[in-house]
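As written, the chain order gives the labels A, B, C, D and E, with residue 1 at the start of each chain.
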């Protein structure tokens, strides 16, 4: 593993609510290397967003709190970094874009103002300079009429355009790491294709490492070098794209892949994983996937397996993959 | 009995846009603009398209949950558009709808029993105990347990709620079910459960589906035939096999190529469309796709292409395939 | 002041200055203009005296205007004012006034016989260009209507020469001179009225009085300044006179205590002691010329039965009420007119408060268990009734003891007056402040059958009383009249159309260093003599 | 442009409301029992005189003629003549309106400055002791009967402690030369600093009494609106940019949170204008609320009618202003 | 890759019991301490009102004038008023009036507002325009002024004050219901009800009304608080309750002239108004948090 930008180790982020302590992220370990695109996949509620927010230290507190683990950004532990240092890092060294382009931009400020703000925060740019840079960025992310758009308000743009603006804003300070939390989920496929294309291009040109969060295995296949599969707050499998999508070890990953309808061939019936995604917090002993796993043994039900190497750069959290 | 359960001819739905100094009508949103298709008994017709292209409007117009602006809808030989409100209410026994949002489509203040019993009560079917019994049966049918009957919607997961939605639609033994994106809000592992359930039910009960979705692979999986919508119009309609192997309309092609597949070895050639879907309030002239089409010609800009059969029931609306 | 038609909140009426030998003033008259700020409860309605009927207006106009004749300090005895002397013809039909010479209006025009003539013509002639479209109420009342009306008293007003005016009457009117002293019959500058028109004049008065009008901030202050050319040499003493509205009695007292104002009327009876105890203040009592009463609408059952009325009279604990609500600043009333006026029947002894007597009478009248009745209570404080509703509540408590359930009814004041006049009420509260010190002004006004539908709200139509009252009106000698009035009062006491409650003594308070303030029984007075020690 | 068209549309929309208001006011007057002519002429008037005056006042016409006459009159800016004082209401109402407006503005400034900031701080430091205290105070504030608060203030600060004057607008010993009728302005313009101080002292008690309820309401709504906005995605975006919390709160969140707050401010300002009756009665404030209330007592119909209409019109205009302000703050609105 | 230690927090899954939304709300409410304080205050005043004859040591409308304005003592806990009546007894009976006026005026406004709001929201078109305009016009008048005008028409009395307050608050509820109806009409479950062939009337009764109830209850509770203050204000201006009814606002205004000499006659009625109103506001706040999940955090 060469030149890691981000090393998350055994991260535990819990929510302290009326209903008790909810371990939304419960021992997650992820590494992102320079220039690499790492995907996190998993179903709704498995802790993807909380992991990414933890990196930015933006988990709403209360009720959320990082209760354990370390997050090393270029060797510096962010968990113990103070707020001032975090403000320097946010938007400058690590940038983030979110799932909902419709609501992620402030409706009452112009596009130029919002991008310019990010620039001014981290550089000594004047108002004029930051505006010019904002226009450059808009052009770079492929927005037509950039000079006019800077002075418009978010509601005047379509969803795809807004996501481009978000990307422009994120990339404005040349971050080393871009965290993209389901950047295309809310978009139509044709627009999704445009955005993914744009991100790929940025990754290639600026060597920006990307932590891409998604629940769409197709997007993973198209974008990522490495994939982390999460289930109920844990990493359950990790490896490079090809391995995970072609030769998954964990029954959950396998099930997930099998349950997808295929575009190119018609299937009579889809495979389906029985049961439901567990309610976060309603954790039992043993493997968290055991209740839905058709190969579960007594061991699975009584003891939590560890994430173990099952091949070259391939890790799985399953008793059966030993 | 005709082969076609549902025939839609030249369906239009325009929403007025108000505004201006006096707040009057200043234009229309052409949500559905001259759509025609037919659904055969027992088949599943899929409708795909990007957000805002008029899929839901079409689906809801069929049941006259939205009054269509123009067009004729014939269901089981009856011209639905000509029915009075009261006749229409009775008609709805045979045509039902399942909604996209499993959280919004169940009244949070009613328990499951009440929700499922309601269609029977409305149509005065059975005695109270018969109705209760039917509720229990139907719960089993959709894979829930009868002890769930007394619980409230918020006590269920999304997938379970969607099953309840389906159960409600089935209570009256309808002939047609319009499924408006029934799996879009669900997680992948749950999505396959619901899709399987719907297929099973279709087989058992001989249902006919109009299945609306924006996910091409889902539509393709469940449908016998698929219609592709763009900006209020159907641009291509054919069997699902044909659609993938031989897409004709440039939009369909682009759509297919844009769908990411979980296969790292997939080396399809990507057609990345430029720009956004235009606003239905101000649709482009001629072929509405001409602003994004890679094969655009002068004709596309001026004349609307006819929606025609190019062989074997493969319909397409594109000037490239003129006969 | 009549019993109503205006809503002025503050008490204001009669004389007796209980001036404690003023302790050294905290604020000795500063060298500089002498300014007196008078706090009061309500704002002036208008400043054209003839168009007004309310005390708050007259309090100001009396300082700006003069009348032909005036009243002596603290009494209603007629004294010269703009007219130095006058003669009455033996038949009582011709009055000749000799006017003071050298008097000028504030606008510099001369006061003379023409001016007097002009004023009377304006008032009496409905077609006069400066006659108000609503008419002049007091003129109409006092002089039998307007020119051309059947009962109109004044036949003509002639300017004999510059300083002599002759009034010729259609018929004798005993209180003619007395009436001319009323604040409303003040002489205004004809030129000013003509120039401004009645509406504007109503806000910018020009008279001959001790003070000149300066400014009026509605609902807040009216400012007057010294008239240096005032005919009464040496007066006024003050340079500036400000009337300030502070509606709430307690708040007004606070303002006085804190030095914001120098003088105020409407001291709550309860606060009188507080004022007395404050060495910086003095309590001043206005001589009483009023009556507050509980009336019975004798047309309504069961009040048509004199026994019932008498029973109710027995049941009302007058002394306790006076003690509690007049705090010593009022005397129990026996008759509908105050003892300070001639003709008052002092021989009548009041009924003692007695529940037993009341019950017995009720039983005799056929109501052993009492009855239910509506009791209309005045919604506003008037000089003769500091707090109508509270007193009504006290009476309500009294009546409960004899089984009479009184339901208190209130409504806003104007409606109250209108409806009581129309006779809608059963039992009610009201009062009267004398206008001119004549018994007729009380007895006939309140209880003569001719005034039913007017101020006789008890609707008591007693023929005997009517005859006596009419006789008294046309009798010529005071002795004769007095005899008749004494009889009327006996009749009234026997038949109980009303229970006279109290003659209240309105209390005023002032800074201890204020001298020569003599409150007048009629409720308003000129402040020309007032000065700081 | 959009803003202009939006403004014009909003102004157009006022017309039916204003017409409706004039109808309501017109009918209220006619529904109040009693004959205006009788009120004018007083108790001793003859029936003939009353009939004459009814004719003069047009009271014998059918109601719709009367209404159109009335409408014509108010459209030309003529509010009629007070029956009580005989003065033109258009002129007479000016000083009252100014007095009320000055009091309202002062109270609102007090309410807005304290309320908004307390709300923001509460939301920012949610669940801190500051939050709890501020919100408890605000809750007590909204539960406070204004007339009781006024009385208590007057009793305590004016009567017992004698710190502040309890009635009126200025010190009558040193009265303000009214030019604009706004005493603060007048004294400043005249350079009368001692008078200004007096005016301010007179404003404190009624201002606080009147401002307390709006302050509490504003604080509460600001807090809840801020809390909602602070959960919004764009606030997270702003933080993800590395913006300091202070700016996140005061720039990104506040401008969005202001929209419901503005509504409340507008609404409350209007309510203060009309609801000042109680405060004005207690503090002897020569304002328009008391003007109308006294007029009801006097059955001075034209004053009641015009007074209510003027207040309601101002109220409507304030709300219009608030709507336009929204459009200014929130670019989305004008496109609706 | 470092060995991951997994901490397992076990959270007991709540048993499969049936939790109706109302039960859920009640549970949330019960946990809200302030709301419970509010509830306690209201229950206290309700108890006082119901058992007034047993609690009050003296009749509220009888006193001895000699006992005028006596300070609080063992005999008269809150002292006596200007008529020598026991202030405590009057305050106790006053609870009846305030609660009665508050509750019934709000019930009146809610019923009228709901009917109008439903008509406007469900049928739209000119009915909506008409009703909405009427609401706009009513709301254009500051409420207290409108109430004063209405009482001026009807004549001052407690009943008329109640009516006036009910009338002025109709638009508040009408608009609320209308906006609820408008948004519920677009909800998928209403759409679903139409899809199974349900009649409008039944949709209103089964779906629209029950789902509008929560905000109506919240606003209604707060509305009671406002109505109590409004009634007291009218009483204060002499336009509400008539003597000797011991209405709190009226007691205040009747006694204000004695504020320096007998402050207790002003303090206690005022405090009672404030406490009652506070109680309703507290519970209203709590209900909003419990019933309106959007406000939860």
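Just so it is clear, a residue touches a chain if its C-beta (ideal position, glycine included) is under 8 Å from a C-beta of that chain, and two chains touch if they have at least 3 such contacts.
These are the chains along with the protein names UniProt gives them: A = Peptide ABC transporter ATP-binding protein; B = ABC transporter ATP-binding protein; D, E = Peptide ABC transporter permease.
The structure presented is a predicted model; accordingly, all values stated were derived computationally and were not measured.
Colleague: Within the chain touch network, how many edges lie on the shortest path between chain B and chain C?
Modeller: 2
Colleague: Could you find the chain whose CA centre sits the greatest distance from that of chain B?
Modeller: Most remote chain from chain B, centroid-wise, comes out as C.
Colleague: Using the stated contact rule, I'd like to know whether B-E or C-E comes out ahead in C-beta pair count.
Modeller: Comparing B-E with C-E, the pair joined by more C-beta contacts is B-E.
Colleague: At what distance in angstrom does the C-alpha mean of chain B lie from that of chain A?
Modeller: 32
Colleague: Roughly how many whole angstrom separate the Cα centroids of chain A and chain D?
Modeller: Chain centres of chain A and chain D, defined by C-alpha means, are spaced 52 Å apart.
Colleague: Could you give the separation in Å between the centres of chain D and chain E, each centre being the mean of its C-alpha atoms?
Modeller: Their C-alpha centroids are separated by 24 Å.
Colleague: Residues of chain D that contact two or more other chains, please.
Modeller: 33, 154, 159, 231, 281, 296
Colleague: Which chain C residues sit where two or more other chains touch them?
Modeller: 248, 250, 412
Colleague: Identify all positions of chain B at which a residue touches two or more other chains, and write them in rising order.
Modeller: none
Colleague: Can you check the complex and tell me which residues of chain C touch chain E?
Modeller: Going by the criterion above, the answer is residues 248-250, 268, 270, 274, 317, 320-321, 323-324, 377, 379, 389-390, 392-394, 396-397, 400, 408-412.
Colleague: What residues on chain B touch chain E, complex-wise?
Modeller: It is residues 60, 63, 65, 89-93, 96-97, 99-101, 104-111, 118-119, 122-123, 147, 150-152, 154-155, 165, 168, 171-172 of chain B that touch chain E.
Colleague: Chain B touches which residues of chain E in the complex?
Modeller: Residue list for chain E touching chain B: 16, 18-22, 24, 187-189, 191-199, 202, 206-207, 210-211.
Colleague: Okay, in this complex, where on chain A does chain B touch?
Modeller: Listed in rising order, the residues of chain A that touch chain B are 43-44, 158, 160-161, 188-194, 196-197, 215-222, 241-242, 245-246, 255-257, 259-264, 266-267, 269-274, 276-277, 279.
Colleague: For the complex, give me every residue of chain E touching chain D.
Modeller: Touch list, chain E to chain D: 133-134, 136-138, 140-145, 148-150, 152-153, 155, 225, 229, 232-233, 236-237, 249, 252-253, 256, 259-260, 263, 266-267, 270, 273-275, 277-278, 281-282, 285, 294-295, 297.
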